[in-house]
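Just so it is clear, A, B and C label the chains in written order, and each chain counts residues from 1 on its own.
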Amino acid sequence: MGTRLGELVERLGGQLVGDPNLEVFGIAPLTDAGVSHISFLSNSKLRAQALHSQAAALIVAAADDEFIAAGYAGARIVTPNPYVYFARAAQFFAAQDAHVAPAGIHPAASVDAMATVDASASVGARAVIEAGAVIGPGVVIGAGCYIGRDAVIGEATELFANVTFHARCQIGARGIIHSGAVIGTDGFGFANEGGVYIKIPQTGRVMIGDDVDIGANTTIDRGALADTVIEDGVKLDNQIQIGHNCHVGAHTAMAGCVGVAGSAKIGKYCTFGGAAMVLGHLTIADRVHISSGSMVSRSILEAGQYTGFYPLAKNAEWEKSAAIVRNLASMREKIRALEKTIKTLTTQDTK
Amino acid sequence: MGTRLGELVERLGGQLVGDPNLEVFGIAPLTDAGVSHISFLSNSKLRAQALHSQAAALIVAAADDEFIAAGYAGARIVTPNPYVYFARAAQFFAAQDAHVAPAGIHPAASVDAMATVDASASVGARAVIEAGAVIGPGVVIGAGCYIGRDAVIGEATELFANVTFHARCQIGARGIIHSGAVIGTDGFGFANEGGVYIKIPQTGRVMIGDDVDIGANTTIDRGALADTVIEDGVKLDNQIQIGHNCHVGAHTAMAGCVGVAGSAKIGKYCTFGGAAMVLGHLTIADRVHISSGSMVSRSILEAGQYTGFYPLAKNAEWEKSAAIVRNLASMREKIRALEKTIKTLTTQDTK
Amino acid sequence: MGTRLGELVERLGGQLVGDPNLEVFGIAPLTDAGVSHISFLSNSKLRAQALHSQAAALIVAAADDEFIAAGYAGARIVTPNPYVYFARAAQFFAAQDAHVAPAGIHPAASVDAMATVDASASVGARAVIEAGAVIGPGVVIGAGCYIGRDAVIGEATELFANVTFHARCQIGARGIIHSGAVIGTDGFGFANEGGVYIKIPQTGRVMIGDDVDIGANTTIDRGALADTVIEDGVKLDNQIQIGHNCHVGAHTAMAGCVGVAGSAKIGKYCTFGGAAMVLGHLTIADRVHISSGSMVSRSILEAGQYTGFYPLAKNAEWEKSAAIVRNLASMREKIRALEKTIKTLTTQDTK
């Protein structure tokens, strides 16, 4: 069950310094790793800690290697980005341990005769797949999932148990959708007639690219007339809400509890901290980073980090500062009055 | 498959200017519409754009009709509220395309012998309906839904796949509940004994009126002793949380990610922007509008628009402003000191 | 169906003043209680109201008993904490009315032959239980639940319908998990290589203690390498997100919509108001109380109440105050300039 360091380097690259026949049995952080583990140094500040690691081998950057080599007796794999190497090595070890869902349709699933399920796909117990849906090669549909009419699930994408993926929506290859997520629910669109809401049918789709991860209980609305679009490589954490007709650019990541209102256009390579909120119909440029808990209430056309949350304080202090915030206009008036008085005084003085 | 303009006007009203036998095949926004579409002008600012629309026909308000008539060659339907007309026309076209769930109980559903399911209702695969539940005429229970004991689903209400609707709760006619919503979960009620929480049983119900829409993954708690009440025409978006014993007045709408703590009493015709939060035991009057991302921490007894979120800024600027916010009390002290000094100075001057 | 006051006191303690053979049929608040109910006075401010209650009996604290005895003709149960007594009495009455899930596996459930289900446990229709899972005595697995491989559900814990409980996670005794909750979903962990995210496998578990309640649609991530830990007696409301590797101390309670980012260490006996947010890798001491809507962006090492949300105002007032908040640095400059000018003036004056 062990993996030779030589095999790891053959698969994942990197320069091995040490015995290629040394076997490791898993990957662990510097302080937790035992003699059967490989570990990794992804932050030069932890160099000294790394010297004391019990790990049989370390993944290190070239910049740290000389320091480590001088004080660490184990093997080393030198690589430009040890954290990325760690991720890939962890994927390798996890794949060895993982339970592989068996190909085929569980007898307790309900698959419509007009659905297309690739022979290499796995459909779990109690899953429901409607007519016209297309389930690609190597796809895993977890227990209890619902796949609507004419939906398309691309190759090697995995849906964990109890995902709802509605009619006509599509996801590309190698995606992951976690439990409780709902893709393609109706957008929140109404016309108002004398106070009463008249529903606007939501007839667009959700179109999701390749390599997209969608977290547990995240919801993505279908478009009203056009589509909601999630581009390649987007990563969405749990409990995120994406409104209808949004467009999320490639390789953008959002942490848990983010909300994006309808028709927002979000660029590529953006990040959103947890519980950040974006109003509707805004445009956000590429490489914009929004801090956690911040409300984006206007378009952002310039890359950079943006923040907007009230700083936490002891409650008694907050009560004071919040009371002043409520009356900042009067404070400004007082300052203006002072400025005026002083101007008068200084003018008198210089007479 | 086309629809004659004459038929549309017979069904939905409005004054047709043009050939009643002209057929349209769908509805689309001004810029997307092709020669087989009808489009709509709901905002006078887009008048000029409307003149260039390829649409075969336009829905316009009387106030815009003269302008449009002068420059647009297609047919027109003149109506007081083009956006509402659009919604109704879109409903008409969507109904023509929609897959209609077949009446009857899917063989893979589990319906208790003591449940009552109207013959015209549709119950999807893997749905579970408990004893005593009453499923009205024309109701659609999606795949994988759970309907608890003695729950009541009113006429023509639709539950999308994987909704959980707990025991004894009720919803009226023509409602929609989207996937992943949970109605009638226990409220968060505990007594505290020396730091340890003792659960207070939640024995009330959720009572939902007619024409109520509930979004995906939204949760509504049952009342502790009395009921949680959602009145007619309320529209709730996705991922909303409504606490136990809340009362939401008719035709109030809440955007995604809103949270309402227990026992809040919210009026009619209110709106809540996304991620707005309401503390418990508050009263909010009719026609109150809360902006997105705002925390309602006290009762609001006067109609109007209310807001409270920290303005977004570049992170460096936020750091400056947040540091000052933390010390506003000291800024106020400085101003008071200045005022005092100046008063002394000016008093001296006028001696 | 009635309960003798004598029996109630035998079961729950307290000192009965009145006829032990008097029967009550339920518990209700002071103003709602009728002559067949018992009620409770948990707040001395409501003393006068209590005198007018129609309830057959009152639960009162010793400090209120003399006042109540003088003006109230019904029976009394005197106890140190009437609210806790109310909770226990309500549990007693609720248990009498409750539908008890029958022991055994519903024929429409899918239980793997390699799963262990105690004979006294109840497994609902359409539930799926994977190989290696252990379902303890008296456990209730609601309809449509998914229990992953090797998961452990402790004695007398109840999962409402449509809960997802993933592989290898564990929960102790007497817990409650509400519908739509997802336990053990992957944490949000990626390495970034040139803008592209590489998934870090999440191989830890979620380990949940005894007497833990988890709300509807709440999500708890499994640890990345180590475990996410929820200690005994923790109470989580609906729509909460707990990131990977978090540690939540015993008897901490969180209201709805709270978010906790990864690796946060939260103490015991803490409370979090609705929609409070906690950044990752923070430490929060025991007995810290965070107000609703507040963002915790740094560790808190001292017990107490902490708050940080922008105060709500009429929109026009907010626009003024928010504009000033954006420019607080310039306000501070003005004050400094004033101070400098005045210092010059007063220095001149005293020459």
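What we mean here is this: a residue touches a chain if its C-beta (ideal position, glycine included) is under 8 Å from a C-beta of that chain, and two chains touch if they have at least 3 such contacts.
Owing to the predicted nature of the structure, the values given are computational and were not obtained by experimental measurement.
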item: Fitted rotation between chain A and its twin chain B in degrees, CA, nearest 5; value: 120
item: Copy pair chain A, chain C: interface residue numbering same or different (half cut); value: different
item: Distance between chain centroids, defined by C-alpha means - chain A, chain C (Å); value: 26
item: Shared-contact residues (touching 2 or more other chains) in chain C; value: 126, 144, 162, 180, 217, 239, 257, 275, 309-311, 313, 325, 331, 335, 338, 342, 345
item: Footprint of chain A on chain B - complex, ascending; value: 27-29, 32, 81, 83-84, 86-88, 90-91, 93-94, 97, 99, 106, 108, 124-126, 142-144, 160-162, 176, 178-180, 213, 215-217, 233, 235, 237-239, 251, 253, 255-257, 269, 273-275, 292-293, 309-315, 318-319, 322-323, 325-329, 331-332, 335, 338-339, 342, 345-346, 349
item: Partner chain A, residues of chain C touching it in the complex; value: 110, 126, 128, 144, 146, 148-149, 162, 164, 166-167, 180, 182, 185-186, 188, 190-193, 195-201, 203, 217, 219, 221, 225-226, 239, 241, 243, 257, 259, 261, 275, 277, 279, 290-291, 294-298, 304-311, 313, 317, 320-321, 324-325, 331, 334-335, 338, 341-342, 345, 348
